[in-house]
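These are the structures in question, set out in turn.
Both of the next two complexes hold chain A, though its partner changes from chain B to chain C.
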Partner chain A sequence: MTIVRKLVPYVIAIIASFAAAGIFIALTGANVFQAYETILFTSFRTPNGFVQTLLKFIPLTLQALAFTIPLTAGKFNMGGEGQMIVGAIAASVVGILGADLPAVILLPLVVLAGVAAGAIWGFIPAWLLYKFNINEILTSMLLNFVSFQIIDLVATGALRDPVAGHPTTVQIGQGGFLPMLIKNPPLNAGLILALLVAAGVYLYTTRTTGGYELVATGANPRAAAVFGINVKRMFVFSIVLAGAIAGLSGVIEVAGVQHRLIVGLQHNFLVLGVIIALISRGNNLAVPFVAFFIAILEIGASAMQRTMNVPIEMVFIVEALVLLFVLLSDVFRRR
Partner chain B sequence: MESLVTFLRLTLLSMVPFVLAAQGTMLGGRTGVFNVAQEGIMLVGASLGFIGSYLAGGSTLVGIAAAVLVGGIFGLALAYFTTTLKMNQFVIGLSLLFIGTGLSTLIPKLVIGVTLSQPLIPTLQDLPIPLLSQIPFLGTVLFSHNILVYFAIVLSIGLWYFLFRTQLGLELRSVGENPNAADSLGINTSKHRYMTAIIGGMLIGLAGAYLPMVYTGTFTEGMVKGRGWLTIALTFFAGWSPLPVLYGSLFFAGIEVASYRFQAGGIAIPYQYLLMVPYLATILVMMFTFRKTRVPGFLGNNYDREKRSL
Partner chain C sequence: MEKEAILELRNIRKVFDKNVALDSVSFSLYPGEIHGLLGGNGAGKTTLMNVLYGLYRRDDGDINFHGQKLNIQGPKDAITHGIGMVHQHFLQIGSYTVLENIVLGTDVSHPVTMKLSAEAQKIIDLGNRFRLPVDPNAVVDTLPVGTRQKVEILKALYRGVEVLILDEPTTNLTPQEVDDLFESLRVIVNEGLSIVFITHKLREVLHVCDRITVLREGRNITSLTRAEASEEIFVRAMVGDQMKIEGSVYFSHGSMANTAVDESAIPALEMHDVGLKTKEGISRLAGLNFQIRQGELFGVAGVAGNGQRELAECVTGVVIPTEGKILMKGEDVTGVSVCELLKDWISYIPEDRLHDGFLPKANVAQNLILGYHRQKPYCEGSFIKWDTVYDKVRGYIGEYKIKTNGPEDPGGNLSGGNIQRVMIARAFSMNSHMMVAHNPTRGLDIPSMDFVYNKMLERKETGASTLLISEDLDELLLICDRIAVLYRGQIVGILDRKDFDKYAIGRLMSGIQAEETADLRAAS
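Entry: the complex of A and B
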């Protein structure tokens, strides 16, 4: 019963935002119901559509977790994008330089390099917060813009693939590829990694002492400090952990999907990740489910743009509206 | 000498979006409303400024009006959700940021459609001030700019006078420092928060419109390029005061111009390093100034008079 009652605001939010977007879609002259159908069911029509949805689901889940973990401690990590990019860069540089190594050695190196790079990229705003008390929203966001230049530098530098038109590096060594769960359509083992991370984060925040300290810090930092929790260290830890997870999402894009570094591989995963995290209200258990829903919308949106000529941003507005309506439902519940 | 004149002139020209957006942010912050949606509001301001001007046959005035209006609507939304509904300012700010970003690309696609070559709008004309613009050096650097450059300077001085020399300005600042005390003196805290958030939003929208209207003549996706975020940093280390915001904008604009000039100058560093400079410089400056700057006491919080403690 309680779970049904919890879902009610979500259902209302989804219906309301679809209705709002329907008006815009009608304005473009497209058939509204056909558009809805395309958005919601493209993922389930073909095996390829479903696998594409899962491939979106992986980075979306990880990006959302990279936001919810610091949020639990009351901090906002807006640097998931940069952390993903440096993770992807480190993974591909290691994958290219160690191309001759066997998979047993190369694959763990690729993954570790990416995760570590993401963690380091997260450590910078965390350290600035710890040491200088600088607002982490700002620094983590600014570092994204720095990472855009770094990826451009790497993809147009010595490792560049000369035949590719778009800035891209050469392929990483075969040993650095993530194993495939399904060959055709290709689905990589990143899915398992993402699910493991999601489960791990959930267990950590709800079942362990460290996770409890994180929650306590977010709930009331002053009270937490009184009870002997090093609040500032929790801030740092949460953002570094988030960076590592975002870095992993970069690793999976490189080692699982593209097998090379491509400028622009971050898409808009950060923004969608934040939307997912906020729709989940920071609840780590809800994150994978919301992420899957958003992945369906994203796949549907690109199909809608292809077949019906309705701009893909339409669905982005739907997602932002769902978020706004879910947030509003909190207000009305309080009354 | 010649290149110094050009550099200073361009710095003043590029200062405007920073000044307008940061004054808007500052104004809201002075009553405790912390806007983090600058990037989105600037994008939608740029987009609608371009569309408005394009649809009106190249009328700058219509474009500016459209950008100011949409900025005001975003400011109103921020004020309503945070002040009336008392929702978390960062979360609402992020939501507005996303909506603004989405709308900024959606609207041109709906109105203009996808075209091979981007349509162009006329850019703002320079308005040299008679006599003053004849002064050697200073005339070129200071007195022959488009109207928004002058507006940005006058606005900054006007805001300083308003906030620190008038009764209303004092009341407004008290809302951002201690709304409880302000409320007990009969100051309408909600009204002040709405007013500053709306006017602040308008200024941020106008800051966005400056980009297509002065730099490019057209709207391109993501053309704000982090200036909205840099603005927040700027407002912080200007101590939420109008005049330091003006000086700080010069610094930001100087870095921006320098990084582009170096790039065009064909210096043998990959251009990507130069494009990183504004963001890295901002972080560095924050390291040295952040602790010393003053911040409105109630910044980022929502006031609920029915709650006993803050």
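Entry: the complex of A and C
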């Protein structure tokens, strides 16, 4: 009963946003219902479509969690993108330099390097916050730009693949590839990692004492501190953990999908991650479900662009409207 | 009374969401009377007056003023009709002078040059007439609470009100200031004005009011003149039938037997020259030296803002004193974290429940284990045993009468009084040698206050001590074994129960005689 009641605003928001977006689609001269059909069902029509959706789902879930974990403690990590990029860079560098190592050694090294790099990228704003009380929104976001320069440097430097037309490194060693769950269409084990992380985060925040302290810190840092919780440490921990998870999403892009470092691998993941996190209202359990929904929209949108010439940006409008309507439903419920 | 009522409220009804705050309440006010509006917290006293003052819109009922129907849209309407209200929390601009605060929002004679000498003279005249002497050129921030209240009353009189509503005017006043206030009120009504006096303190009402209306749970129970009624009638009207008055601490006049404390045992708490300075070097606490014995209920009195909060936070370990040592049962606990102290040593009811003690975004269960979440039986290893927590929490909800839908109800749904019950339930839920309770009964109705007093007195039997810091002097006089008075961060006197004297404590609270007492202590 309560779950149904919680879902009602989402359903209304989705219907309302599709209706509103329909007006824009109609203005471009396309068939509105055909466009809807493409957006919603491309993911389920072919095995390839479904796998593509899952491949989107992985980084979206991880990026959204990289936002919700600090949000639970009342902090905003706007650096998921940069943390993903440095994670990808570290994973590729280790994967290329250690190309000759066997998989049992190389794969864990690749994963660890990426996760650690992401964590370090999260630790910088966290430490600045801890030590000097510098706003983490600003610092984490600015570090994204630093990561853009680093990836350019790495992808056009010594590890560059001279054959490729786009700034790209050479392939990482075979031993660094994530195992495949399905060969064709290719689906890598990153899916399992992402689901494990999502489940782990949920269990951590709801069942453990540490997770309780995280929730208490976010609910009222002053009261949490008065009752013995080291809130500054919780801030640091939450942002570092978020960085590690974002780093993992970079690892999966490199070791699971591309097998090399490509400039621009971050797509729109940061913004989408924030949107997913906010549509979920920071609820870690809801994140994977919302991420899956957004992945469907993303895949459907590119199909719509290919087959119907409706610009892919249309789907951003839908996503933005869903978020807007979900947030609006909060306002109405309070009335 | 044969006189015509100047003001009549008939069958006023006010509903917040689903809560009926006022259920056809009627109230009448005669010219030249002080009318006490008595009731526990949540009885609807303030709501009723806010309806009259135009802060809330009534859902039903009539207001008649001078025999005419009145439709008040807002406080401005109320003031133009001659109804003024003094709120519990003053609405004053601290950096302005008394004069500027009073004329703010009124038409002045020289609006361009802001020459206010005529207005100043008017204020001085009003002050003399009503025995509310205030220097119009003093800056409000520099004035004591008692004087700031006079400013607030002058503000209403300056606007020419006929009816003055005072909401809990004696909170934070010393007994001397209370007497002054009552004298002024008498002068004001002798001039033909009428006063509504909102309070939960029975003794004050009996002392100063001509007629008394008792509200309980949003209904008016009775209206009587003072001469007509005995204290017992009002007590019964205030609390209803659910409460046994015979066994009550609240109505006991402080006559309950105090079990003797064991003076030979190691003191539960020893403060040695404890001082606290802010980063800027401003002294908040200085040279605190006192001991609390095992099983003792030790009170700290003082006007708010004299270091009470800092004292509570030093003892609980929330802040570390910059000077001195704190010992508990002989063990040095200076600098030990709250987290450690909450294991067996202390329990804490913070003063500012919303900021310092409550998680509005978390649920009731999460709120009730805050600080104890790493202790058994709530956790096992690094996991919280929510089943056990929920079981326990359901028990607390029943025992402490927390009005909520259950352990998973969001904290933000609770009312102020229920949040306070959560604070109390949490502090009493685990054993502690030393309880630090800062204004623990604020926002509670009388049966709940009584419940808290009983719980505190029970602690004495097990040898557990309590540090009760309260702005309510009556509360301290009622249950404490000793009372220390805090003034500007220093203890200016400690009185034994046999020496309790309201006025002596009041003098200490206002800093008078601080030196004399120091001499006395040195002499003894």
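Here, the second predicted complex is superposed on the first by the 335 of 335 C-alpha atoms of A that agree within 3 Å, B and C clash if a C-alpha of one lies under 4 Å from a C-alpha of the other, contacts with A are read in each partner's own complex, and residues count from 1 in each chain.
Please note the rule applied: a residue touches a chain if its C-beta (ideal position, glycine included) is under 8 Å from a C-beta of that chain, and two chains touch if they have at least 3 such contacts.
In this text, all values refer to a predicted model and were calculated from it rather than measured experimentally.
After superposition onto chain A, partners chain B and chain C are found to sit side by side with no clash. Once the two complexes are overlaid on the shared chain, A:Asn184 sits clear of chain B and of chain C alike. Figure note: vertex chain A, arms to chain B and chain C, all at CA centres after fitting on chain A; angle 70 degrees, rounded to a multiple of 10. Between chain B and chain C, more residues of chain A are touched by B.
Within the superposed three-chain model, A:Leu324 lies in touch with chain B and out of touch with chain C [touch as defined at top]. The gap separating chain B from chain C in the superposed three-chain model is 7 Å, by closest C-alpha atoms. Counting contacts as defined above, no chain A residue meets chain B in one complex and chain C in the other. The touching residues of chain C, when paired with chain A in their complex, are 313, 316, 318, 337-342, 348, 350, 355-362, 366, 369-371, 373-374, 379, 382-384, 386, 411.
Within the complex, the chain B residues that touch chain A are 36, 81, 85-87, 90-92, 94-95, 98-99, 101-103, 105-106, 109-110, 225-226, 229-230, 232-233, 236, 270, 272-273, 275-276, 279-280, 282-283, 286-287, 290-291. Only residues 207-210, 212-213, 215-216, 218-220, 222-230 of chain A touch chain C when the two sit together in their complex. Those residues of chain A lying in contact with chain B across their complex are 24, 27-28, 76, 128, 132-135, 137-139, 141-146, 149-150, 152-153, 157, 271, 274-275, 278, 311, 313-314, 316-317, 319-321, 323-324, 327-328, 330-331.
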